[in-house]
Structures are given as structure tokens and as C-alpha cells.
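Chain lettering (A, B, C and D) follows the sequence in which the chains are written, and residue indices restart at 1 in each chain.
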Amino acid sequence: MIDQAPVLLVVVPLLAGICCLFLRGQLLPWIWAQITTLAVLGIAIHLLFRVLNEGAVTYAMGNWPQEWGISYKIDAINIFVVLIVAFIGCVTTCYARQSIASEIPRDRHHQFYSMWLLALVGLLGITVTNDVFNIYVLLEVSSLTIYTLVAMGKTRDKRALTAAIRYVIIGSVGASFILVGIGYLLMVTGTLNLEDMARAIAALPEPERNRTVVVAFAFLFVGLSVKMALWPVHMWLPNAYGAAPSAVSALIAATATKVGIYMAVRFLFTVFGPDFTFLSLSTTVGQFTFSCSGILLTCACLGVLVTGIQAMQQRELKWILAYSSVGQIGYMVIGLALVNHAGLTGGIVHLLNHALIKGGLFMAAGCVVFRLGSQRLEDLAGLSKRMPITAAAILVGGLGLIGFPLTAGFISKWYLVSGAFEAGLWPVAAVLLTGSLFALIYVWRVVEVMYFTAPPENAVKVREAPLSMLICTWILVGGSVVLGIFAQPTVALAGHAAKQALTGHAQILGLPPVTTVPDPAVQEEVVP
Amino acid sequence: MKEQLVLRVVAKCLIPPILIFGCYIITHGELSPGGGFQGGIVLASAFILHALIHGRATLHQAFPRNLWATIATIGALIFAGVGTYSLLRGGQFLDYGWIVPSHPAKGEPWGMTLVEYGVGLTVCSVMVLIYDMISEPAEDDPTVDEDSA
Amino acid sequence: MSLFATHANYWFAILIMMIGLYGIIAKRNLIKQAIALGIFQTGIFLFYVSMAVINGGTVPVWFLDEAGKKYAGPYDNPLPHCLMLTAIVVSVSVFAVAIAIIVNIKHAYGTIEEDEILNLEAEAAAGSEA
Amino acid sequence: MSEQLLVDLGLLSLIAALAIAVIEVRSLFGAAMLAGIYSLVMALEWTTLHAVDVAFTEAAVGAGISTVLLIGALVHVGRDEKKPRRRVDLRGLVVVGITGAFLVYGTLDMPAFGDPQAPVHTHRAVRLVEQQVGKLPGGPGERHAAVENAADTAFEPTSVVGSDPLDLVDDFAGHVPNMVTSVLATYRGYDTMFETVVILIAGMSMMLLLQRRRKDVR
């Protein structure tokens, strides 16, 4: 059985999610989901040790060779994302019980938790699979469940419905773009396996001159940008995060876009290869040079700045957090686009750090909604007196968003800034610091209302949020502080993943790495 | 539309052949075009036709809504279960050979047929559910009683 | 002309995709957007299926020729067909979920025109500020 | 220009015209009907492209379930679209024009339509068509020594349908004649499982979002 761990990672929540439909009542489906997510976390940790000890783990579905069938491959990059999804899934499920009980009609809980588990199936499946079309199918599994979960916010806030339909339309167009890209690649390579595809593309004479490959690249790029909510195509995100049920906001904010970024790493670095993506694909028109890395950096930097300003203008807590999410995604994309070890390490470690911080913040927002029934800023007045533990969680999480020293946010910023200096890109470093400044402003607005405004005279007396919700919130928020102080293990894992991303393509081709890839110990500059 | 004699007679004549044809498509999918998905929709069309003519209440009398949901779940479980069975026997997920381990080549057609029926069951019942749900009156519509329409 | 003869199928697939995409961008009615999304996706299916064709090929189902032997081919490529079966199922599922949400929107807002919904939401936001 | 191409292009022009009609017609009821017709003509086109399974599915889904779904939805949302401010949306045309031109640019390096030497036909598909993908070691055949040669071919001259003399299956040495089904259920069976799950999810979403609440919990 122990050899089956890669497939169990997906099949256990799948079977549990389907069987969940047979359960009835409120408590039983939740217990079922909690046991399942704990099991998934256990499998993920087991896989982590296997990957650390043995290197990449592969698994062939139906025992067919991977070029013809569907296979799983787990290496240093995706085990990191698997751990994030499994851990966040586990904690948010624990959080969900009381939060969901107050937001979803009580005869629908079995269906809700079934959707919840199937969303995790989709996210985990995308992460471990080694087959492009399987990625598309699982992307739709996760998207469809998330559309429905977001729309379930309708009982509290009817904007959830319009957010969901916008997400459906934009998300499906994004997925269709990915499908077009896969089709163009299938046309020139004749295979669906990621590694086989990487070899077939590299075997083409001058792949960067092949117009089909270039268009396929562009369409995958746009489709993935939609899925990870990169700045100009992020329109679906703020309302969807803001209006969804609180537990759902926490789950998708911490996992869905992270998996999108993982897919981008997979396609840009493993299928096309860093050389093709960041070196060959530049064209000079007049005096301007367009390169993939330039476009990514521009979008990400503008995203950080623009959404920082938008976040300052929001009047509701979850909307502030949602706009800030788009900016934080910009940080991760900056990490990718720097294409050096430090930058990539910063980007990848920020996947985890941001998942903890933003997951914790959305959970704290959920606690506020649970007791106050509102999340508008003016209703938060005097929260430090009324719900001191929740207010403290928002404060600590906010410090993480800013990138204050001793929080996890600082670690990722540190690596990103040093990556930017390594690449000689001063403006990017400046944007990173400006982004922190903006974060300081919008976090301060919330903190000011919570700590330095007296509660209104007629304020209803509220108790602190239920214990289970508080504990889960503090697990994530506290975790972000712990990882800010003892950053060594996560940074080492992320560094491992970054090295794998930079060298993986050459390994698949069986070549010595063409780009000078630095050893994590000796951090040299990568020739971009 | 209960009072339309022609409709009722035509439906009565059509529904049994449609059901048989649906099962034929599912089973014969290995040999000719068709398969679980297409057969499932054809099966569902028979039930939808019945519900269109005799009303949803009649359909619910014979097949309550929860039954459809259960059948849909069971269909998906059959597919996942076939995969898990081979996994429990010690093979890879979805390796149909493990269904008849002493003679793997016999397991393949067994696996494929089981899987096609799983797909067929799910698709049929989900399609009926979709029809059922979309003809559901609005939640705040006071003029409508439960399960009429 | 030769390029047209060899690539016209792909171009028509792209034309249909673009008609769908135009519908998604230009139409403000949510039902229309959902239908247009379906058309966009059928364009993609058409592209994949065009990819599967082989000159002189036949339906990818083995059959017996006059001598009672298996017809040797060429058969069209079954792989894209198989992918598109999955994609069609996914697209109809997305359509069903979209319709379910749109019906809910109609009940919550009383309209399914995007402009009117945006106006209603703006009014609601202004009202809560006052 | 061959007759095949002529028929193809004729049908495709009809499809494109129908697509424009579906998008532009103001009555939603008309759009639903036209979408059904569109799907039927599309099924016809797929038959001419030899994708019989896809044609079957499209006819069942597009002309069947989608139409039922649309008509059902129109009962709720009303049957007319609001009159648009402008007849033609210029912004949309520009976006679509650029995207389309880019896609067409991408086709220029593609192998010709129907080229038997295209990578998609030669790289991996040959063994799928011939059904000669052997399994990896570790299957049940190896652990049961009594079985001869079972790992070589996945299929053997028997089937569930039975070894009846009337059964044509034996003429294909037990392989599955419908290659699409064989690929769908075996090599890519894992995708098909998730396809079933997607359908299940669609059904459950409909129930979550549209079911009336029972009286006792209202």
C-alpha cells in the first residue's frame, strides 16, 4: 500500500467526497471531511519524506507507460505546494464547522462538504499530475466546485452570485485559453505527457521560431494568468473572495491561486524550459525589447502598485484582503520572473508564507463576520475591546502582509529583494518596498479603526468568537510568526524547489544545464 | 400536458424503446460508437419525456429526488471503486487486469464494461436531476406547493 | 490558395472561437454570455477534431473488410476525439452551473442584464455609505 | 479542391452563420432554438470529420440537454434580451480581431490538414491505434505464473459478451474495435473518472443552488 501514496493523495479525498453525499445532518459530514483532510495531510507528509530521501516519486495510472497513459510525478516543486494545500485544507476544515453552520442552510451541509473535498481533489490533482490534459480536467473540477462554493455565499451577501457568475465566465475563458494552448502543443508534439512534451519541443528545429509553439506559449500564459489572477486579468478575484462564505474565502485565498502559480512554474520552467521562456522568446520591435520576463515583471509590479492603492480605498475588511491578495500574487510572480535562485526561492517560499498570512486573515475576518454579522470598516470600531483575540490576529497578520521583521512576510521579501539586486533590477526592488509601504497604509486603516476608535454608543455587546475558530486562526497567524523566526526549514525546502525548477528542464532532456545554475550554497547570478 | 391523448400514446410507445436503446449504447460502446455518457443521456431523455408529459410529481412518485442523487453518487463510486479495487489487490490504480488476476486479459473487458455502466448511471441521473432542478419554482414563490409544477 | 486548402479547417475553428469570444465580450445578457461561452468551446473542439483527420482515413472503429480481415487503415486518430469527449462533458457541466447561478441572480436581483446588476450594486453600496 | 473539402467548408460556413445568429438574435427563446440547431449541424460536421463518438455526444448534449436547460432557465429569467446600446461592440471586435489574427498566425507552422506525417499521428498515437501499448512490469500476470504471456497484450480473444460464434469480437483478437472507447476507458481512464466526477459536481451544484428548501427548515 505504501507505494500507492501518490495516488492515495487524490483518491482518498475523492472517495470521501463522493461518499460524503450519503451522510446527513450537520456534524457528521464535517467529521468526515476533517478525518479525510487529516489523512491527506498525513499522506502529504509521508510523501515529503519520500521525496527528500529518494528524489522524485512517479506513479503510473493503470500501469500504462507514462507516454501513453496518465502518470503522477512528485518532485521538490510540487511536494511543497501539496503540503500547503493539504495543511491549509486541514486547518480550514476545522475552522469551517461553526462558520459554515452559521452561513449555509442546515440541510445542505453534506453537499457543501462534498464540494469542499472535491475542490481539494482538484487542487491536489493539478499539483501532482504529469499530464497536460489531466491538468485541464482537474482544473475544471476545482473551478466548478469553487464557483459553487463562492455562490453559496448568497445567503449572507447576494453579491456572491454576481461574483460567482463573473468568475464562471472569466475562469472558463481562461481555462479555454489553456485548452487552446494544449491543442497547439499537441499539434506539434503529438504527446500529452509533460516531460515527453518538453523533449518534443526541444527536439523541434528552433522552437522559438516555430510560430505554433510561440502562440501556444502565449495562450497558456494568458490562461494561467487568469487562473492565478495576475494583475490585468484579476477582475474575478476581489468580489469572489469578498462575498464567498468566510471559510471558503480562507480556503481559496490560501490555495487556489497558489496552485495557479504552481502551474505557471510547471509550464514555464519544466515544459518550455527557462532558456526558451526567458532567453529565446524575446523580440525587438524598434527600440523596445519584449521578453517574457519583462512582461511578467511589468504586470506584477503594476499589479502590486495599483491593487495596493485600490486596497486602501475599500470599505470592507474582506475586500481589502482580496485586493491585497492580487498584490501579493504580484510578489510571487516577480519571484518567478527574476529567474535566479534567490528570487525564485523568495517567490516559492512566499507561496507558503502568504497562504498562512492571508488564510489566517480571512479566518479572522470570518470570526468578525460570525459575531458582528458585518465586516464593514466602521462596524469594526473598538474591536480590540470587544474581540481582543481576533483583533490581535488581524494585527499580527497585517504585520506579515507588510513584511515586518520577525514575520514570515519579511523572509520572502528579503529573498525577493536580494534576488532583484542580484538581477540588477533596482526598480523592481523599489516596487517591492513601495508595495510594503502601501500595505502599511491599508493595514493601518484597519488597525486604527480597531484599536484607536471607541465603539459606537449603541454597539451590540458581542462575545469573542468560538474557540475552534480562534484556535484555527491562530494556528495560521502564529505559524506565520514561527516561520518568520525559524525560517530555515521552509527556506531550505523552497530553495530545493527553486533549484529543481531551474535545472529540471535540462534533467529531462538529459543535458548538462545550459544556464549557469547556482548552487544554493553559493549564490551566483543567473545569466538572464 | 396530461390531457393530450396523442402525446401520451406516443410517449408510451417511445419510452420503452428509448430505455432499451440507452442500455444498448452503454453496453455496445466498445464495439460501435457510443458509450456510458451517450447512453446515459439517452436513458435520461426517456425519464425527462415522461416527466414532461405526466408532470414532475409523477416522476417523483416512482423515483424520488433523493434516489436520483443516490444513483448519481453510486455511479461515480462504481468508477472510483473499480480503480480502488485493483489498488487494494496490490496493483496500480485503475489497472483492470486485477479484476481477474488469474487471467488479466479477461479483467480488461470487465473493467471497461463496469466503468461504462458507472458513467452511464451518473450521467443519466444527473441529467434527470438537472431537468428536475431547473423546472423547480423559485424559492420565494408563495403560489406554488411542494412537488406540484 | 494552397495554404487555404490545407489550413481552412483550422481557420474556421478559429473563426467560430472568435464569434463566441465576441459574444462573451459584447453581450450584456448573462444567458447570452453563457451560450457564447459554449460556442467558444465548440470552436476549440472543432480545432482538436480537425487535428485528428488523416487523408484517406476512416472512422476510428475497426471493421472487417470484404475478405473478412481487419481493415488495415489508415484510421483517424482517436486521441483528440477522446479528449474532446471529456471536454464536451466539462463544457456542459460549466454551462449547467452557470445557468443555475444565473437563475439565482434573477431571483435575487430581478434582472440578468449585467449593466442593470452593476447599477443595482452601485446603488446598494452608495446606500450603505449614507 | 476535393468534394470532401467543399462539403466541409459548406457546413462550416453554415455553422459560422448559425453561431453569429445565436449571438445576435434578440429573443432568448430564438437563441435557445438556434443553439440546438447549431449543435445538430455541428454533429453533422463531426460526422464528416469521422468523429462519430463526438458527433453522438454533441447531438445528445447540445441539442438535447443544453436546450432543455436553456428553456428551463428561460421560464425563470424571461425570454427577451434588453436592447443593446450599440449594435456592434467595437472594443469586442478589436480584442477578437487581435486574438484571432494571433491564432491564425500560429496555424501557419502547423502540418497541413490531414497530413499523415503530422507528429500527432506519428509520435505516440500509432500504438494507441494499434492497441499495442504493453503494460509496465508489476501487473497481475507476472505474479500469477500460471498465466502465459498475459503481460504482452492487454486484450485477449474473449470478452464479456461471451465467446458466442455469432460474436464478431473474436475477429479482432479480443481488442476493442472502437478505439475511442478503448483510449477513453483504459489509457486515459483516469481522465474519464474525473469526467464522471465533473458531471456529478454539476448535478450537486444544481441541487445546492436551486433546490427549494423543505418546509421544516425554512
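List of remarks:
Everything below uses one rule, namely that a contact is a pair of C-beta atoms (placed from the backbone, for glycine too) under 8 Å apart; a residue touches a chain by one contact, two chains touch by 3 or more.
Computed from a predicted structure; not experimentally measured.
Most remote from chain C, judged by the distance between CA-atom centroids, is A. Two chain pairs, A-C and A-B, are compared here, and A-C has more C-beta pairs in contact (counted per touch definition above).
Chain A and chain C have centres, each the mean of its CA atoms, that are 28 Å apart.
In whole angstrom, the spacing between the mean C-alpha positions of chain A and chain B is 37.
Work out the mean CA point of chain C and of chain D, and you get 10 Å between them.
Each chain gets one centre point, the mean of its Cα atoms, and the points for chain A and chain D are 31 Å apart.
Under the contact definition stated at the top, the residues of chain D that touch 2 or more other chains are 52-53, 57, 61, 65, 69, 72-73, 76, 103, 107-108, 110, 118, 120-121, 124-125, 128, 135, 138-139, 168, 177-178, 180, 182, 184, 186, 188-192, 195, 197-202, 204-207, 209-210, 213-214.
Looking at chain C, one finds that residues 17, 21, 51, 59, 61, 79-80, 83, 85-86, 89-90, 93-94, 96-97, 99-104, 107 touch two or more other chains.
Touching of two or more other chains is recorded for residues 31-33, 35, 37, 69, 73, 76, 80, 83, 91-97, 130, 133-134, 138-139 of chain B. In terms of inter-chain touching, the protein chains here all touch one another pairwise. On the chain B side of its complex with chain D, the touching residues are 29-35, 37-38, 41-42, 44-45, 48, 69, 72-73, 75-76, 79-80, 83, 89-98, 101-113, 115-116, 118-119, 122-123, 125-127, 129-131, 133-139, 146.
Note for the complex: chain B touches chain C at residues 31-33, 35, 37, 130, 133-134, 138-140. Interface residues of chain C, counted against chain D in their complex, comprise 3, 5-12, 14-23, 25-29, 31-32, 35-36, 38-39, 42, 45-46, 49-64, 68, 70, 73-86, 88-90, 92-97, 99-104, 106-107, 112-113, 116. Every residue of chain D that touches chain B in the complex is listed here, in rising order: 52-53, 55-57, 60-61, 64-65, 68-69, 72-73, 75-76, 135, 138-141, 143-144, 146-147, 150-151, 153-156, 158-161, 168-169, 174, 176-178, 180-182, 184-186, 189-190, 192-193, 195-197, 199-200, 202-204, 206-207, 210-215.
Residue ranges of chain C in contact with chain A, taken from their complex: 17, 21, 24, 30, 33-34, 37, 40-41, 44, 47-48, 51, 79-80, 83, 86-87, 90, 93-94, 97-98, 100-102, 104-105, 108-109, 117, 121, 128-129.
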